[in-house]
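Read the structure below first, then the notes.
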Amino acid sequence: MIPFLKNAIISGTPLVFGILGAMYNEKAGNLNLGIEGMMLMGAVAGFHIAMATLNPVLALLAAMVFGALGALIYAFLTVTLRANQSVTGLALTIFGTGLSRFWGKRLMGLVLPETFSRNFRPISIPFLSEIPVLGPILSVFLEQDLFVYLSYVAVILSGIYLYHTRMGLNLRAVGENTAAADASGINVTLYKYAHILLGGALCGLGGAYLSLVYVPSWQDNITSGRGWIAIALVIFTSWNPYRAFWGAFLFGGLDIVGFRIQTLNLPVTINQHFLRMLPYIATILVIIVGAIRKSTSHMPPKDLGNPYFREER
Amino acid sequence: MNKTVYVEMRNICKTFGVIRANIDVNFSVLEGEIHGLLGENGAGKSTLVNMLSGIYRPDSGNIFIHGKQVSINSPRHAIDLGIGMIHQHFKLVDVLTAAENIMLGYRNPGFTSRKSMIKSIRDVMTRYGMEVDLNKKIRDMSVSEKQTVEILKVLYRGSKILILDEPTAVLTPQETKKLFAILRNLAETGCAIIIITHKLNEIMEITDRVTVLRQGKSVATVETAKTNIRELTELMVGKPVNLSIERVNTKKGNILLSVKDLTALGEHNVPVLENVNFDMYEGEILGVAGVAGSGQKELCETIAGLYPVAKGDIYFKGENIVGYSPREIIRRGVSMSFIPEDRLGMGLVPSMDMVDNMLLKDYVNQPGITISRKPAKEKAERVLKRLDIQAPSIYTPIRKLSGGNIQKVLLGREIDANPHLLITAYPVRGLDIGASYTIYDLLKEQKQKGVGILYIGEDLDVLLELCDRIMVLCYGRVTGIVDAQSVTKEDLGLMMAGVSPVKKEDAACKL
Amino acid sequence: MQIVKREGASVKQLVIIRLIAIMAAIIVSSVFIVFLGYDPIRVYINIISGALGSNIRFRSTLLEMVPLVITSLGILVAFKMKFWNIGGEGQILMGAFAATYIALFADWVPKYLVLPVMFIVGFIAGGLWGLIPAFFKAKFGANETIMTLMLNYIATQWVTYLQYGPWRDPNLKGFAKIANFPDHALLPKLFGIHIGFYLSLILVAVISWFLRKTKRGFEIAVVGESVSTARYAGMDISRIIITTMLLSGGLCGITGVIQAAGVNKTLTMNVSSGYGFTAVITTYLSGLSAPRVLVVSFLFAILLQGGSYIQSALQIPQAAADVLQGMILFCALGSEFFARYKVRFAKKNSVSSEVK
């Protein structure tokens, strides 16, 4: 059971980054459908730099930069040029997918040398599992690699940022009621750009986890739809970073349950595919219930998807 | 006491497309003064103060703060200059608490903890005598509480120039008293306060000076102590103008529309129409006067079936039409043309041409699933000729036509449907003299045919000459239904401000 | 500097803006191509000749066009109503799924009726898949962008399940695949192209007529432009949303039938192959006009077809064509801005401050 849970964390880590990335975009009021594209861009950039420099820090930075670059194109088009957000996001996904596939052609089949991958080996904490009850539970979360720890940091920092800092408060206002934020003197354009780019950087990290640690080599379409799952899960987890973590954990686990069950030789190819449907079904249910009940605690930011201009007369 | 000028706006002009909102306006406020800004709809009050709050920028003219010229580029800049705006439609984030809304966008040096900010907010509250639960979410608050938060937000930033846009519109008399006490308090500390309102008794009660705007121009600035309600009304509506519309006298027919105790609710469940009672007859023009937002739009829409009725009945030719669908009401012969401020988007589709816009009402009656544009084309040509519409062709998208012509299209379409009851709101908004007279003639023609016309308009002179009777609305209530030939323009002005013509003192609009 | 809404650009202005967008796209892509170490002119020539250079290639281009055209028509109908249907992928797959059932498992259908019935059920299945988000939007105001998107992946998983599970062809050892359709369930060819192509042309005419000449088409246009005006005209908005989405999903469903019965000759997840998303872009670029959809789809097909040609001819990976596509899309999206807004440079006020 414990090894399964540990793998669930690992499987969910790219989702954590993806969900946080999508969340920042949406908190700023932008529905960005280009998550998959940004994750792939980060994945390929991170992998390339990792192979070239064998330096984990540079690799992660590269992933963040390229994720953010994709986001920059999206931000410029939707915030400054006021283009349709959904269509632009899709264009970003097409672009990002193509770019990563193209760039990755030369990287196909390459494997990261041991000198690099040892940076991301799971930490083992001696005697931890021997502590009764708490020990094994903690080991699930703590005996992981540094990248996973990075995801914890991202979640916690996001929680603190959003709910305990003034900038986080301002951000929430931008997505909820852009006119009110503007009237309060908040620089709406700056906040949107900054957080869309931040979201892109996080998505890049999510992709990089796949190419640097999870797989770890380069494959075409290495994200295999995780970007879309992330978009679904942001809604399912109500735009809350802590819930995002648990959501990623849950669906990361569901993803690998399928494989496990297969090895048990039960007639359960059924389960695997229906399990894969779950994040999407769950999200649809959340949207429907939310729309029926108009319950305000699980609503999206009110101004999500609305472009904002001041001189509206 | 010699008070210095705090804010001065000189020769301010602002135009939106073809609408000239502010024409060479001069306006100044002294330190420690409460200055009222008075005017009818579209007089330019909101536009003027929005230039102080950084939402709009003047096309020409200058703004001075303490004698120094400034150019206010953004709300942030306005805040930095000490200008604080309390909006009529609150700019608050529903899902956040009062404290959070007050802290929003606040910049201060260093890293101040939330606790200390809350403490300083409380200090402000006690200093000015205000009370509100800082941890309550905005969506759970009453209107008056929300307004308190708006005010606190502005005070917290140390604003010394306060602008209040129709602050008492949604307050009870007791809440209004409280607000005024706070304002007096603030004025004593040296703040310059600008209050936009059209409640004349409030102007008399709270302001030191009043500036009156009319049709975009600043017509007068007077000291409140030296004026009275009559004089202010006269300044606001202007002297009566003879327009020579020449009312036609027709025999009043049967009762057409009978509205009983009509009540409709709006935002915050505040009534937008309250116990409205009136009758309309065939062959008469009943005018509706009132300040913008007094319920005219909702009145039109409830009769047309587009706005929910909370209480009351509407009898059209004896039948109670409350709850009927818009299409059923249209079928019974009720036609409505409503020209909103932006003149589009309510009866017409801007990107479509005249033919398709004519089609909007009739297409339903054509048999089968296809539509033939032939009857619509004929209708378009008829309307074009009859109203002398200036358009390159009937196939030009109507958004390319001038505002006046667009209005003619809308009215023309409605008249062509031969309605029994014609509701028309602001049909001559923004039209030039010639076009306006064409519209008046059309309406007179309809009246002679026995159509009952509900005419909602802004220009009191027109109402006096065109209509048979005039109903005045103030905050959703009927303050008077009078015979147009015997009432004076001043009386209308008073009724619009909530003063009943019988008691000219201070029977304010009780809410 | 101020940004002001434009009243409405003239046709001439729109054409200029579009041309500028294309120019910008070509410049940007040329830079990219040079970066790859190739001669841009040579690449463009190869793309065009790869798509149009011979009979066979031309036919492939036309085939490529078919799913784009039909799906775009479906998306167009929804977009005209400002209903953001991003669920084309799922609707295509559901249409293909229903058709596959008829093709492979419905023995009770006489052979000569199989194809027509496939089209009918494909239309219905796609339509129903589009109905779900429409219903919730009409009744409860639920966000349709996300719902249609989610339904895509549910459909994908459903098809994958069938492919690996109950519908897996027992005769094929090795990889999982659904059996090929029998001959009577395949689209016949006419002049070397399967009839789906001709059907797509007919549909362009039909939808064009539908939007222009029927009551529903008129209602869709009005609802899309101004919901309040639609209400004033007495239209039943809910009903319009729901029936329009039935049509929209249905058209995508037909794409699924055609791809399954004409190209893939079976049901796989690749039947939709991204067309649902690409169609969103082609529809948007066509400015919501049915005949223009034909033109834009044709141009896109050239790009796609030519893109795979240069892969073998010039050793440029297919992915490069995708990157090009993305860049062109960005340029087109960006150019919309200039069609909708004017940028004004305000002069500083030079009013002398007189002292009173």
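Order of writing sets the labels: A, B and C. Residues in every chain begin at 1.
One rule holds for everything that comes next: a residue touches a chain if its C-beta (ideal position, glycine included) is under 8 Å from a C-beta of that chain, and two chains touch if they have at least 3 such contacts.
Remember, it's a predicted structure, so these values are computed and weren't measured experimentally.
Engineer: Please state which pair of chains has more C-beta contact pairs than any other pair.
Structural biologist: Chains joined by the most C-beta contact pairs: A-C.
Engineer: Average the CA atoms of each chain to get its centre, and name the chain whose centre is farthest from that of chain C.
Structural biologist: Centre of mass proxy via C-alpha means gives B as farthest from chain C.
Engineer: So, what's the distance in Å between the C-alpha centres of chain C and chain A?
Structural biologist: Result: the chain centres lie 27 Å from each other.
Engineer: What whole-Å value do you get for the distance between chain A and chain B if each is reduced to the mean of its CA atoms?
Structural biologist: About 47 Å separates the centre of chain A from that of chain B.
Engineer: What is the distance in Å between the mean C-alpha positions of chain B and chain C?
Structural biologist: The answer is 45 Å.
Engineer: If I count partner chains per residue in chain A, which residues reach a count of at least 2?
Structural biologist: Counting only residues that touch two or more other chains, chain A contributes 311.
Engineer: Please set out, as single numbers or ranges, the residues of chain C touching at least two other chains.
Structural biologist: In chain C, 2 touch at least two other chains.
Engineer: What residues of chain C sit close enough to touch chain A in their complex?
Structural biologist: 2-4, 84, 86, 136, 140-143, 145-147, 149-154, 157-158, 160-161, 164-165, 274, 277-278, 280-281, 284, 317-327, 329-330, 333-334, 336-337, 340-341
Engineer: In their complex, what parts of chain A are in touch with chain B?
Structural biologist: 164, 166, 169-170, 172-173, 176-177, 179-187, 296, 299, 302, 310-311, 313
Engineer: Given the complex with chain B, which residues does chain C contribute to the contact?
Structural biologist: 2, 7-8, 213-216, 218, 221-222, 225-226, 228-229, 231-234, 346, 349, 351, 353
Engineer: Hey, which residues of chain B end up touching chain A in the complex?
Structural biologist: Chain B residues touching chain A: 16, 53, 55-56, 74-76, 78-80, 85, 87, 91-96, 100-101, 103-107, 114, 139, 153, 342.
Engineer: What residues of chain B sit close enough to touch chain C in their complex?
Structural biologist: Residue list for chain B touching chain C: 10-11, 57-58, 60-62, 69, 71, 304, 306, 325-327, 330, 336, 345-352, 356, 359-361, 363-364, 366, 369-371, 397, 399-400.
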